[in-house]
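In what follows, chain A forms one complex with chain B and a second complex with chain C.
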Partner chain A sequence: MPRGDVARRTECCGVTMLDEHAFLTLNALYLKKMASVGNLAEMSGLPTDQVQAMVSGFLERGWVLDIGSELLIQSEGMAEVQSYYHETYSDLSQREETAGWYARFEAINRQFIKLVTDWQQGGGDPRAEERVIATVDRLVKLIGEIALLVPRYVGYVRRFERSVTKVDQGDPDFVCTPTVDSLHNIWFEFHEDLLMILGKERTE
Partner chain B sequence: MADEIEGYRYIGQGYSVVPVGKHSGIAMNITSPQEMIKLMGNPQKIKETVVITPGGTTTFVAPLLYKKPAGIVTYAGTPESHLGIVGRNFGIAIVMTLELEGMDSIPDGTRLLLNCEGKLGRVYMEAEDGAQSQPPHSADGSIVVVEPVTGDVLGGGSVLG
Partner chain C sequence: MTPRSAGGVLADLPLVYRFEDADSSQPELFGGKGAGLARMTAAGLPVPPGFIITTEACRAYMADGTFPDGLIEDVRRHLGTLEEKTRRRFGGGPTPLLVSVRSGAPISMPGMMDTILNLGLNQQAAIALAAATGDVGFMADVYSRFCRMFADIVLGDGGDAVAEAAGPHLAAISPGADAVTVFTGLESACRRALLDAVGEAIPDDPHEQLERAIGAVFESWNSRRAVTYRRHQKIADDLGTAVVIQAMVFGNLGQPSGTGVAFTRDPLTGEPTLYGEYLEGGQGEDVVAGTSNPMTMREAAERLPDVFAELKRLTQGLETAHGDVLDIEFTVEQGKLYLLQVRSAKRTAEAAIRIAADFLRDRKVPPAQVLARVSTGQIRQAERPAFEDSALAAARRSGALGNGIGASPGQVSGVVVVDPDRAVEVAAGGESVILTRPTTSPLDLHGMIAATGIVTALGGATSHAAVVARALGKPCVVGCTAVTIDLERRNLLIGGRALEEGDAVSIDGATGEIFAGRLPTTQAEGSGTHLSEILAAADEAARCRFFGRATTAEQVKTTLDRGAQAIATRLGDVLATTGHLEKLLELLVSHDASGTKLDAFDEIIADVLTPLFVAAGEAEVVVRAVDLSSDEAMELVDGPALLARHPRFLLPLGLPEFIAVQVAGLALAAERSGHPRPPQLSLRHVTDPNEAEEFRRIARAETLRRGLAPVLVGATLTSPRGAQLAPAIARHSDLLWLEVRGLQAKLYGFPASLWLTGDPLDEYVRRRMLSSDPRASLDESMRVLLGSVATSRISAPACRLGIRLAGPVSEELATGFYWLGFRTFAIDADEVRTARLAFGKAALAE
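Entry: the complex of A and B
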């Protein structure tokens, strides 16, 4: 893609929207609000030079703001992402199977937040850590079910697996430190993504 | 009964996420992601700000924690939450589910002091009586407490938080 170009595609109904790679990149910033190009490449799974080229296009359009070493999403960029979610996933929220799936996610989500809190307050207790990882494994299995409907969700599985490996190798930062691609960060972003897909508001 | 702090008036308490002592800053009510993003574009202002989420949701302000605000006050939620997990990592003063006493809301621009010790977080606002002295602040917003003079021993200043 030429530098500065933001690929877009036209839907049959005449709605113009981001292509998938542009969405993956801009959505990564939408979920994080502020991030570096490196962060966006890590989250989207796309090559850094491709992400950089797309970011140049986002900057030209005023969708993102360059604040030094990081980028900040802007209202226009948020609107582009929200439009993509709406156009691509609006039928998902109507499906009965999706509602049942989300109810199971919510139960695991409550457990995960409690377990991470316990892990923090217990000074990184190994048993608490095992329970955190077991809960991530449960979510990965659950994502496997919905990935049939949202194929890009395998990207979250890839990130979870990478961070679980880091924790297994003895790096506790990858449990919930906010400045690395920790299990809690990935979980938080997945939850935000899910809420957008299903058109739900966060209640917490 | 909440401890009295010279120059400040107690206005309520909630859950403290992490025991980081006393921190002060200027109140700013943030009601939407758009307002949050606008504030994120001003890193220096964030450091001086106690962010208040006046609604029932709290998670949307979590990205602000990366820029180290002076504190966060919510009217809902518990420390067992996404906001709590991130706040605990950064060691930022957060008071959740604040129950105000004698007022319904905290106006923007009010100087607040958050006292986060143990599991309770107490919130104070600057006293209207300008004659009262205000605790001096260190560069990171924490409160410098000057120990009282006892006998012939002159206590030195210490930074809490």
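Entry: the complex of A and C
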């Protein structure tokens, strides 16, 4: 792939910014800080060779650092991601419907983290597991409500579904083990993403 | 309706049974839940009455897509019996009968239908309920809960819409409200909300509600999640699910009422005390849903001493009968206790060990059953280093720097780092890091993975940091508000004291304490005495002999402390760690090229081995002769080039003089340490009886020549040929070892190094490129060779047989070897405890 295609920038509203695929890839690394090309492809849903090509471009620009088997995002890369968020979603936080939506998210978010803790402390209690999955289902529904505003959020739905399937197959690592694409990981990355698009700060 | 089609013997049996008529030993017919309720009913426990629709009915439903002939009539008849028994009426007054409907498969699995409570309400029954209880608010609460559950579970969605629509109606009910007005208002609000949300409303007729719920249970057997699980776990698709229909009791009716979950012992610590939560005025799943703040068992027992004394008495008896810690769902309705469900409780690793030890001591439950509840994984998890008692006591006397919430147990020390990127850097340099953050998010994950311990200033036991730390098994203290972190300056204030990045701290992830400096840790891992008791029981059952691997005198002590009866050591490793390997190789090169004598090396070997023999005390020691072709040796020197120049090094007896000098060095070490047992030398890669014979001749000649006590000779087999000729090789050996990983590597044609790491073999097995995991189970190709090795017991009864295992010892592997008759094993030092448990369980299993 020619270098110009790697992380091409587009003009939008007079501002130069990342194209969507470049954003999806770089944002995945932004949310993980450290990840492999394979992880980024898994998170962005883009083909590995395309992600690899974009990553080469990021490396040339000094946005990311190659530390062997994984990549580490650099402050320049973080700035790119932040400016994309800012340019693309600045009007979202002003909308009334997002405030109500976010309040509902917060309610199920509280429930989710409590349930994951119950699940861990109960040694993987099936009742707690059912509830964790049911809460993920509720979040998926909730994401559906703002998918029109943020179409790329279907990517999170896809990841949640994949990991729920893993849990259903009896692999408990996919509930909250941080080293795989667990429900807890996806949930927190989604929350982080949400805070970015709404311009909010984490409280806990 | 179609005639019952499933056929066979079962076709003539009833499809519906009362709890008191169901056979609790038939979970395949009544499901796990149904069998449990039948058992509890038979034991005379206070269980609300009910009946079970069998899995046979489910199978017929799945075959025909409709209820089997006669099922609905049977259900109606049993409802009638239930009405008589409870003196209530289904769908009417004066006291209405409400029921719960649950799925109950023979094996619990995800995706099965959740419970529907409060089924049986139409206008007539609702008004009667309000009249009978004198509480319109109660009726409205019960009805709206039912609508929510029925919507989500049977109609598939709309629970939230119902809750939203019902909310204002529930809030507006005044003390003297009219039941008819309240019900009709609520009912039409729910109906409208559901028509909007899912285009369908809840049937008015309670019988129809029940039929829909039963159908939903059957349908859930084929839900996507359940099918996924069964496919993956290789569970048959035609087991089917039973349906449990039970009279409702109300934790939300009158006083004193409530609902709770109790554990017969604390599932976190294993402490033998009734543990759990109780929610006054709560119904059904309120407690487990975690949406409100329940009381502890102690608080509840103070409030309702009689009820909780009865609960304690009943559950203790149940625990003994069941032979395991139980998780019990119960409800109190106006002071009367009901048990709704009883099952084995999930527990943490620490609790599992404590509980098993307590059960063994009580002797009420057979050891086989007790040990079956502890897994090797739990032992690995519980083996954590701990601070030395005296150091911890001293640190406490001088005061902790700060106190937070203990979120993930374990005691560790390290240097403070406040940034995740730097935590990765510092940890990569070999330093242990205590990552200290205001709070954590996914952006800190890489730092948390690199860190040894984690501290956060904000957040509770459910915060991101807490969940991640527990999942990683790393000690973690959260919510330590005494910490103020300055990320720019890379320092922090804790309890008024300033710490710079790089200063050492020690944290206790159970108590939440943070101490200054590095507290010394001991090898005496957590759960000490409890674990020893369990393992003693396992040893008694298995009567196996474990040779733990050790390379230094210190490791010898640790390995024996963990319960190994003997020591296995590799001379090559001992020489490498004492810095003698390079010199040895130079000497061997010169020996091979120009015949330089090796005699002088016996003293070096004696010097490095003597401390190990001293540390071993009376324990037997087997030394593996240096294997110049091993992966380990290759890594230390320029292996491939060296072996290309000196191919003789590749053969077990390529350098006879080298074997002789190792025999001499070993004999000297044994003599000088005053070791009471004859030393043993084993030679790797033996494939022929002639080699074994020659090895023995060399060893005898050398000890005779030097006037030393004899050395026992062992052959370590690593090849299919060696295994096939084992009976003949054994005739010339004192010990025969079969090296499992080496043999497998040759059978599969993979390099042995592939067996050492999880990936890529893990993934390869997951993709089912290999039909079984060779690290965890013995396949036919291995069994044939093991069978051949085992016959050497007949050809050479004097020769001992041992199995050399490397890496984690799985229970499956242990069972395989145990039942093939093997009792002697060499294992990694870290695996001594897990192996003791695994073989104990293997011995106790039927």
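Rule of thumb we're sticking to: the second predicted complex is superposed on the first by the 194 of 204 C-alpha atoms of A that agree within 3 Å, B and C clash if a C-alpha of one lies under 4 Å from a C-alpha of the other, contacts with A are read in each partner's own complex, and residues count from 1 in each chain.
Note that in this section a contact is a pair of C-beta atoms (placed from the backbone, for glycine too) under 8 Å apart; a residue touches a chain by one contact, two chains touch by 3 or more.
Everything numeric here is computed off the predicted structure, so don't read it as measured data.
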- Message: I want to verify the contact counts: of chain B and chain C, which reaches more residues of chain A?
- Response: C
- Can A:L149 be said to touch chain B (first), chain C (second), both, or neither? neither
- If you stack the two complexes on chain A, which partner ends up touching A:L92: first (chain B), second (chain C), both, or neither? neither
- Query: Does the superposition put A:D168 against chain B (first), chain C (second), both, or neither?
  - Reply: second
- Is A:S75 touching the first partner chain B, the second partner chain C, both, or neither of them? first
- Between chain B (first) and chain C (second), which does A:V140 come into contact with in this model arrangement: first, second, both, or neither? neither
- Scan A:G124 for contacts with chain B and chain C and give back first, second, both or neither. second
- Query: Just chain B (first), just chain C (second), both, or neither: which does A:L59 touch?
  - Reply: neither
- Now for A:Q111: first (chain B), second (chain C), both, or neither, which partner does it touch? second
- Query: Now for A:H184: first (chain B), second (chain C), both, or neither, which partner does it touch?
  - Reply: both
- Please identify the positions on chain A that touch both chain B and chain C, taking each partner from its own complex. 32-34, 72, 113-114, 116-117, 120, 176-179, 184, 188, 191, 202-204
- Once bound in the complex, which stretches of chain B touch chain A? 33-34, 36-37, 40-41, 43, 56-60, 62-63, 65-66, 77, 79-82, 84-86, 88-90
- Any idea which chain C residues touch chain A in the complex? 108, 110-111, 114, 225, 228-229, 231-233, 267-268, 288-291, 327, 346-348, 351-352, 420-421, 424, 439, 441-446, 448-449, 458-464, 466-468, 470-472
- Note on the structure: As the complex stands, chain A meets chain B at residues 32-34, 65, 67, 72-75, 78, 113-114, 116-117, 120, 176-179, 184, 188, 191, 201-204
- Note on the structure: The residues of chain A that touch chain C in their complex are 30-34, 72, 111, 113-118, 120-131, 133-134, 164-165, 167-170, 176-179, 182, 184-185, 188-189, 191-192, 202-204
